[in-house]
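Lettered A, B, C and D in written order, each chain numbered from 1.
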Amino acid sequence: MPSSRTEAFSDGVFAVAITLLVLNVDVPRSGGGPLQHALTTLWPSYATYAVSFITIGIMWVNHHAIFKCIRVVDRPLQFINLFLLMVITFSPFPTSLLGRYILASRDSGLAAGVYGFVMLLMSIGFGSLWAYTVYHPQLLAEGIDPVAARATLPRFTTGMIVYLACIGIAFISAKLSLAAFALIDGYYIFNQIDVSGSTDGLSLETP
Amino acid sequence: MPSSRTEAFSDGVFAVAITLLVLNVDVPRSGGGPLQHALTTLWPSYATYAVSFITIGIMWVNHHAIFKCIRVVDRPLQFINLFLLMVITFSPFPTSLLGRYILASRDSGLAAGVYGFVMLLMSIGFGSLWAYTVYHPQLLAEGIDPVAARATLPRFTTGMIVYLACIGIAFISAKLSLAAFALIDGYYIFNQIDVSGSTDGLSLETP
Amino acid sequence: MPSSRTEAFSDGVFAVAITLLVLNVDVPRSGGGPLQHALTTLWPSYATYAVSFITIGIMWVNHHAIFKCIRVVDRPLQFINLFLLMVITFSPFPTSLLGRYILASRDSGLAAGVYGFVMLLMSIGFGSLWAYTVYHPQLLAEGIDPVAARATLPRFTTGMIVYLACIGIAFISAKLSLAAFALIDGYYIFNQIDVSGSTDGLSLETP
Amino acid sequence: MPSSRTEAFSDGVFAVAITLLVLNVDVPRSGGGPLQHALTTLWPSYATYAVSFITIGIMWVNHHAIFKCIRVVDRPLQFINLFLLMVITFSPFPTSLLGRYILASRDSGLAAGVYGFVMLLMSIGFGSLWAYTVYHPQLLAEGIDPVAARATLPRFTTGMIVYLACIGIAFISAKLSLAAFALIDGYYIFNQIDVSGSTDGLSLETP
């Protein structure tokens, strides 16, 4: 099965999920308190919106990069991809939850922990997608060196450990853990690793 | 009419419908009871979200598989496809209904019955799409054997009978019927049938 | 400018608009009255959902048919298309409005009139798209006879008059006008006209 | 990295964002006051819906025009594009805010200022996308003259100054600033500039 229709469907799901995030930013209703105050107290909504948007955006860039290395899709790969998409479409839930609870005197840690847990699941989904692919070289596109590709797997494990650490931080300070997620995003925007053993220079960022 | 634009439109509808499901998972509001309790009592939302997501995901994989067997689309096929898409886009309604009523002392059976009825309609939509195609061989892609394709039709009937049975179970126990739908999903993830009489090995899962 | 990206964007808008309709079907909350009663009184939501879904579905089939006759898109055509898409994305509003007011003792006529007015605007959008195209033959695909294409324009005018009549009916009986819209849909599902003067048999349904 | 999948993803995001705008138009509930009055007082929702729809529509036409000039996408360009998409998907928030506050005795200026600020960010996103592209000629499609392309950059600056002026107007009169945004849309619908130094006549509208 060629990978093009799976890519098109995944692109659609990414595009909808990333756009639905804005529905979680509550619009103040006229007739309440002063708007300036309402907008200022909404900062957690903006911050979680931005962090989740950039995270899903990076995930899409990564998904794009992974599928450039894939020539054909088999049935297990399609269901691993579906698992990953399920976590990504679920992400508006923890985003909204963290936006509502990050300033709460109690439960902010739990909300940030749930957020981190969903990020960890995304990371596991990505790692599984890539691990399955590199161990089934018949799925790989031409010019991709399976040995070089496999050598990148430990980086995915590192990513998971970083997310696990963020879940720990969440229970100390929800705001700190949100800042940590933003930092991870910044890291992935400016860094990437090279998985191609060939000359055409494909590269892949670890999610 | 070549089938590509119909596929692209269907992919878009599947992608949006599967992503809208998350809007049915209510996010607890800060200031209510303890978050841990609120999250725990939300389990029906998560469970119905997961079952509906996986069901629509399998439907998409099936749709993909059916359209690989189709070369051109005629007017009746386009409207049968539109009927199927109408049922799929409607599925967030029964999903949300079941999530809200599965723990109710009364009416949980009716909610699960409605859920099962929509699943049955999906199954009928799929069966009709495939039945119409195999009885109009001029629509079939090259290499698809109409006789082998027709031989798969009884399996679609079996699928409908299973969904009918689930509707019966719904009125006994809503939770049991949700578990039954999850089991059917699991069956379709791991099993598929081969409809190609040719050598290129196309295969199709009954929905 | 080739028409393919305009088609892709339009397909996306159609797919999202048709899927958002379900958000207008209110899901009863557990703890209110008996579910069976709640579901029965929701019939206007289901009926308007189905009529709007089928109308947008037919519009998409028509849009598909019109763009098969278009080779390149110029700037005015792109903005006419954008106007049509604006009306289509707005359609969840009158759909929800009619679903809420069709049973109201007062104002049901106004709600049905608003619904009819938006349908009329869709019809005008479609007519303009087609009229602009047939009077700019350099935009037409090969094999499309501009004279035969122009001969279909009166049918679009007929369509607009029918919608105008439905708006009149709306103020007599909202339910009757919804039935009329369903009838028009049924007519367009089973009838189509042939606009090609050539031998490749393209055909177009008037919206 | 060829630009096609980035275009497809961007198209999806534009299509969803433009369609979600309708969710901000509140549907009156049966049982409140007379419908005619409710619909009349909703005019700010319709007006902001229309202005935002047309603005995003023009942005899409522009995005289309810019990407026709781009042959390949590099990593920084992908993240500039992602920033632009983040602003576009955020636009339902200021649209809804302005719709709710434009008639308020206090705070209408602030709401219109927020709206204008998001429009300014869109303009900056577009300017950055284009500026980055024209200063990296290796990304440009064949037949695009980098010198002619760079000569269009001052127009983007003009666009930003116009938006800045609109933010100033916002604090004088929110209604006037909405009219100004509508006027800017009208200007971009009927005017465009030519960036191609070649004979194939590509043209680009400044956003």
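One rule holds for everything that comes next: contacts are C-beta pairs under 8 Å (C-beta built on N, C-alpha and C of every residue); 3 or more make two chains touch, one makes a residue touch a chain.
Remember, it's a predicted structure, so these values are computed and weren't measured experimentally.
To fit its Cα atoms onto subunit B, subunit A must turn through 90 degrees, a value rounded to the nearest 5.
Homomeric contact subunit A/subunit D: same residue numbering on both sides for under half of the interface positions. Each chain gets a centre from the mean of its Cα atoms; the one farthest from the centre of subunit B is D.
Once the centre of each chain is set as its mean CA position, subunit A and subunit D turn out to be 26 Å apart. Chain centres here are Cα means. That of subunit B falls 37 Å from that of subunit D. Among the residues of subunit C, those touching two or more other chains are numbered 8, 12, 15-16, 20, 23.
Interface of subunit D with subunit A (complex): residues 1, 5-6, 8-9, 12-13, 15-17, 20, 23-24, 75, 78-79, 82, 85-86, 89-90, 92-93, 96-97, 100-101, 103-104, 106-107, 110-111, 114. Taken together, the subunit B residues at the contact with subunit A in this complex read 7-8, 11-12, 14-16, 18-23, 25, 27-31, 34-36, 39, 49-50, 53-54, 57, 60-61, 64, 68, 189, 192.
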